[in-house]
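Okay, so subunit A shows up in both of these, paired with subunit B first and subunit C after.
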Partner chain A sequence: MSVNGESASGPQESAPAAAPAAAPQLRNAVVVGGNRIPFARTGGAYTRSSNQDMLGAALEGLIARFGLQDERIGEVAAGAVLKHSRDFNLTREVVLGSALAAETPAYDLQQACATGLEAVLGLANKIKLGQIDSAIAGGVDSASDAPIAVSEGLRGVLLDLNRARTIPQRLRILSRLRPRDLAPDAPNTGEPRTGLSMGEHQALTTAQWKITREAQDELAFNSHRNLAAAYDAGFFDDLITPYRGLGKDANLRADTSIEKLATLKPVFGRNLGAQATMTAGNSTPLTDGASTVLLASEEWADAHGLPKLATVLDGEAAAVDFVHGKDGLLMAPAFAVPRLLARNGLTLADIDFFEIHEAFAGTVLSTLAAWEDEEFGRNRLGLAGAFGSIDRSRLNVNGSSLAAGHPFAATGGRIVASLAKMLHAKGPVGGRPARGLISVCAAGGQGVVAVLEAR
Partner chain B sequence: MTDKYTEFVSRGAGRDIARKLGLPQPVVLRRYAPGRPLVEGPVLVQGSGTGADELASILLSWRLDVRRHAVPREKLGAIILVLDGLARPEDLEKPVLGAAASLRDLAPNARVVIISRSAAGAPDPAVAAARQGVDGLLRSLAKELRAGATGNGILLTAAAGTTSPGTLGALQFFLSGRSAFVDGQFLTVTSGLGQLPDDAGTPLAGKVAVVTGAARGIGAAIARTLYRDGARLVVVDVPAAGGDLAKVANEVHGTALQLDISREDAGQRIIGHAVERHGRLDIVVHNAGITRDKLLVNMGQDRWNAVIAVNLAAQLRINAALLASVHFRSSPRIVSVASTSGIAGNRGQANYAASKAGVIGMVRATAPLLAAHGGSINAVAPGFIETAMTARMPFATREVARRLNSLQQGGEPGDVAEAIAFLASDAAGGISGEVLRVCGQNLVGA
Partner chain C sequence: MTGPQPVILGEMPSLAKLYVNAAATAARRRVLGTHAGTALPECSHEVRGVKAEVTTLTAYQHLIGETASDVLPAGFLHALAFPLAMSVMNRDDFPLPLPGMIHLGNSVLQYAPLRFTEALDLRARVEKLRGHRAGTVFDVVAEVRAAGQDTLRWRGVSTYLSKGVFLPGIDKPTVPTVPSAFSAPDPTALWQLGVDTGRAYAAVSGDFNPIHLSVLTAKALGLRRSVAHGMYLASRALADVGAVKGDSFSWDVAFEAPVFLPAHVALDISTVQDNDGGWRRSDYVAWNARSGRKHFSGSVAAL
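Right, the complex of A and B next:
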């Protein structure tokens, strides 16, 4: 294992810019706490819930937990990956329907599955700069209540009809309609530029890094076991507010076993034959849910008598060229993490909790394999050798997306709130604050990562 | 949960029909709302002696329309009978029969309050007999009253007089709409402690209160009532009830604490949350409770243990933490929800009744421990209350249960909440170790 903290940038990226001479004095942004609703499998408890309903429920629980009624929060930012056009102002609408002061501004953002974490990082930066004192980051997604669009053909006809002035014009436009135009256009998780679903992309990456079926099933098993244990320990008592009769993540299988997982048939990469290793058990299912995180300056938290669980130390985004097959679709965090740690003078050994989002067990294991690979470290990360390996006992210790489920934009908030609580409980480690690393991969070959430090 | 029958017989044709058929005639009770007068109509103060005179002058300072002598056929809002000087049974006749003539003139939803001395610790048998006689007198009188009128008593111990804060606090409670469903009951003023509020509308201003089991029903009503009275709230319920709890918290501008109160560290968690978020802790209302009904002969270990653990052991453990905490020493108040089942027993509820009777025992024994800090602890025992739980009872059973009291109707969750809010206030500081029934003078029990 070799760790090079001096330069972890890839060959195509320039080294991190040196701090300007007159850098402004930044203050800390702290995580006060979070709230989410339990995650439901698509078609389950939240089938009839809209994104507004779910984000509203998560926000109401957050307001109740921290007594934020009538409070004017600096800014609320949240988003959804699958979003109805009527929800153009989703977050502001949710704020207006909540117990927060109506004077609380809000905006939507979207960065695929990294939406929730990017919301946290953007708002934390505003707090650090002194632009705002408090903020709520959030994310929500419903695959049950997904928008269904009309086909491009029908949409063109409808828009032209609206512009037509005479009956003959209208008839001429209508005559363009073909039966295939009437088929609705449902959303899918396929990449527009490759036509491959996320699972098929990951199947290629999983095979490339020679990740075994057994290793993936073991990771999935650990996720369920760890999440179940966390529930039993009451870990989620102040992180979750039940919704629509659901008190726990519906995807959790506390009684699953390696043996049961081994019986599942591959669902992705079936054309790979013996190398087809990705099953419904080691891939996340489509999920409905919402999460929120309360961020603040230290002064605001103190003035409101609220806890300070962790500081948002830093974040980094990366993207890969998956279109031309240079890297796997979900491998961007493999680049983002080395850059982020280098900028902060940290190595993998300085991290006490790793929260690597389990889009697929193969994603986590491919990322870890890349970090342990000498060639990848030298050629792709520009290091002297391999980036390094992590202590697996520090990985997703309270479960992750394979067990909890993954409502795309809500996953970042889930992880930040849980990690902040874990860090606070851990306290100092050898005279320094406990640190946690978050890594979230996203569609479009993107990834966002962050480091939190215990308070 | 509305009592349709009461609405029906309260006016017009329904009232006439019920009268002719001799059916129960419950009326819509006068309930407190901010800004309402303490009593509607003149207040007749009967009884000789300085106690009655001093009290009458205080009532005048409350801007009440006070009468020392009955004006025939004038409708009265209340009769206050002061019997604090009884020396022998013969002393009862004159004031009691004097007041009796005025009972006919009571307006609907009027009040009768008898103030007398507690027989416990009376200097000789004749005094004790006279004082104890008031008990039967009041309970019978309350059963004779009609049209939402109630009769209640205030018992003075040696440490209290007719104008002690606790006496005046209890008198205001009994006179007002806050005590709508309290009938035929006594409150004992055990000390001269307590203080009437500066602003009658917000008697709990500046206080931080914790309510357990606050997500639904009576607990949610308690939270709303304490909030209305000026308190800042911490609402507690099990994590599984968190969705409803969040709604209550946001309604009462409080903070939600998802916590299983039977956890070992529940007391520390409650104190920590209240102090960290709100800077102090003044009031704890033990409302959380469960039922696991089964005939005793069929009772299993799980049903018995679950009820005792949540309803009784958890309260004891939380109280121990409160008593040990430096944050609970400024006139602290604890109010526990007991039950008439714990007083009279109930078939199929041996576990529940044992737990609620245990609460009463706990309250009596904890009172002296809190006295050192000027604190108090009391219990409220609800009778038949219209909640989601009682709405699930079979129709006939519910109808019978509802009418089996002097007010011939079920109480509302808010009625229990009013009694708790009163006992949690400094006006009740002179009352500790007591159990107040909110049952409309149910025929079951004492």
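Right, the complex of A and C next:
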């Protein structure tokens, strides 16, 4: 172990006790690479596959790619948004079923659609602090194999039955059961406080920011076109391992066109009349899939002869008060990004790749519209004027969720691994490392954003 | 390979039909007093281009506790080849009655992984007819290759006892094997097996032998209750050994007392390392958690 600064010259015992503690020097956390399984549409190739199966498959591919068999990793963190209660230790169970050393600790986390990115940021911070040298972040979700709970009525009866001692007690409890209690309780994408689905929330935001149908369809078209081109160029060859017979994201429509997208009927915000612009084509479908990212200190990556694609520079979470409509449900990144860039002395012009998660085309476009809006910049962001515009040719250049699909917790890992690879390939830009910005919105009015720098 | 040309079947035989046919053949032979000689048929049966069904694979992996990768578990390959093995034992020139046959043990060599996306060539034959203090023993050898390829990827040898059947010209071993005294170690796992265990494994393996399905069907065949499939138990032990076994390994099991359902089965897995700390093999033994009677034991070892 090395010792910093002056204290290195003298023996430890003679170090002055009253010396001011030096600010700890943070080391870098780098992205070594990633692996995911192709994303399937709900009811598709992974219909019978559980979260544990899919996360295990993504992890097994990562282990094979980077030779991690029998390796004790500092920590593995992953999560799922739709999770069975029996999967309380999902990530640790996946580690135990994998070829990693059984001595690898793991924990689950959950921050809705931001789960994967938050896993990356939390583990990167531990690496920066020197608490761990290597880490695997991941995320998985299955809309096909979603947990279904019993109704509140039946649950109450079952719990009381368990506590009952005598047969008459049990009979009395059972007599409370009503036919309606037997209806199962399936998860939905509705916000608990508003009862509105995520799509209905976004429809309000999309209308508020006057985002046109044409602009949304164009963004969706670009997503499919860019993802198809990335596959054609072999971009995903070292980012994806096939699973259950699926080799490519099943949602990808390489042959879609603006004209085809224009024929789809609105599915969200239909009560908005002419302002109903959100279709199945410019909204992300429910998807099944999993992703993993290998993070490390520079020393660990070097010692294992592994690549260093990008540095995890910094991250920021934000939340908005969406419940009574002060801000749109998915608008938190519009606040998180300005704070993150300001803290790092950066502007939108300093970013070479923008990875803005396409929950809906309207989400991306509303965020960009807010940043370009003078009033929003002044009144909501506390700036002198508009936050700024981005160079649209730098946006989601290898496709994003509209084309790839969005298995909630898996999206962060998908983006981090892809962006790290893009940054590494780009190298320095005008004497500085290429930079990429990731923005992921999440249920509950939250958002997590991050900046990565090329190595 | 020597011997007659293999019989190539157009498709995987139906186990249900084979079981019915086996029962009918046994009854006919008993009534007519005929038998099919004292030698095993020499020809092998083959099915080519077999593909595993992904839904069944996933259900198998979930039931057994295998990591649900695209690699076909060694026990799944046994189940896949089982109807073919049965078809050999169903031949008219097969000398032993199938009903009441006891699975004594199994020995598998997994040379290289096979994925569910690959088409497979399966081959099965019977060999090594020999005497046993309780009847007559023989081996069923099953082999799996990727379709059209010569390289053997999986080989399973199942040893069966035809209890109470003594064929002329085959001597009993003079020294009866003495069962070794077993004292149960501390378990590393406890399995609670419900009465539906046999039905659940039948659903993923296709082996609907009535002795595994229910108390009634088992009683009809002379057992006091239904018993768990031996390969279900051995496959769970294999899954418990985990990913440490890698892509190529050997896997042996010797069955002793049957597991009557429902059951509490205790299992111990002990790992043997080589000098540099690498995994060499995992030995397992399972016993009745209440009575301490040994059910089965075996080993998974690096190839």
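As a working rule, the second predicted complex is superposed on the first by the 433 of 455 C-alpha atoms of A that agree within 3 Å, B and C clash if a C-alpha of one lies under 4 Å from a C-alpha of the other, contacts with A are read in each partner's own complex, and residues count from 1 in each chain.
Here is the rule we go by: a residue touches a chain if its C-beta (ideal position, glycine included) is under 8 Å from a C-beta of that chain, and two chains touch if they have at least 3 such contacts.
In this text the structure is predicted, and so the values were computed from the model without any measurement.
In the model built by aligning both structures on subunit A, subunit B clashes with subunit C. Once the two complexes are overlaid on the shared chain, A:Glu60 sits against subunit B and subunit C alike. Within the superposed three-chain model, A:Pro428 lies out of touch with both subunit B and subunit C [touch as defined at top].
In the superposition on chain A, no contact is made by A:Pro192 with either subunit B or subunit C. Once the two complexes are laid over each other on the shared chain, residue contacts for A:Tyr243 go to subunit B and to subunit C alike. When the two complexes are overlaid on their common chain A, residue A:Leu96 makes contact with subunit C while staying clear of subunit B. In the superposition on chain A, contact is made by A:Arg48 with subunit C only, not with subunit B. Touch counts on subunit A: comparing subunit C and subunit B, the chain ahead is B. In the superposition on chain A, A:Pro307 contacts subunit B only, with no contact to subunit C. Note on the superposed arrangement: subunit C collides with the subunit B stretch 381-389, while the other options among 273-281, 345-353 or 381-389 stay free of clashes. Overlap of the subunit B and subunit C interfaces on subunit A: residues 57, 60, 69-70, 99, 242-244. Across the interface of their complex, subunit A is touched by residues 239-243, 245-247, 249-250, 253-260, 263, 276-279 of subunit B. Residues 54-55, 58-59, 61-62, 67-70, 116-117, 242-244, 246 of subunit C are the ones touching subunit A in the complex.
Residues of subunit A that touch subunit B in their complex: 57, 60-61, 63-67, 69-70, 99, 234, 236-238, 240-244, 247, 305-307. Residues of subunit A that touch subunit C in their complex: 48-50, 52-53, 56-57, 60, 69-70, 96-99, 242-245.
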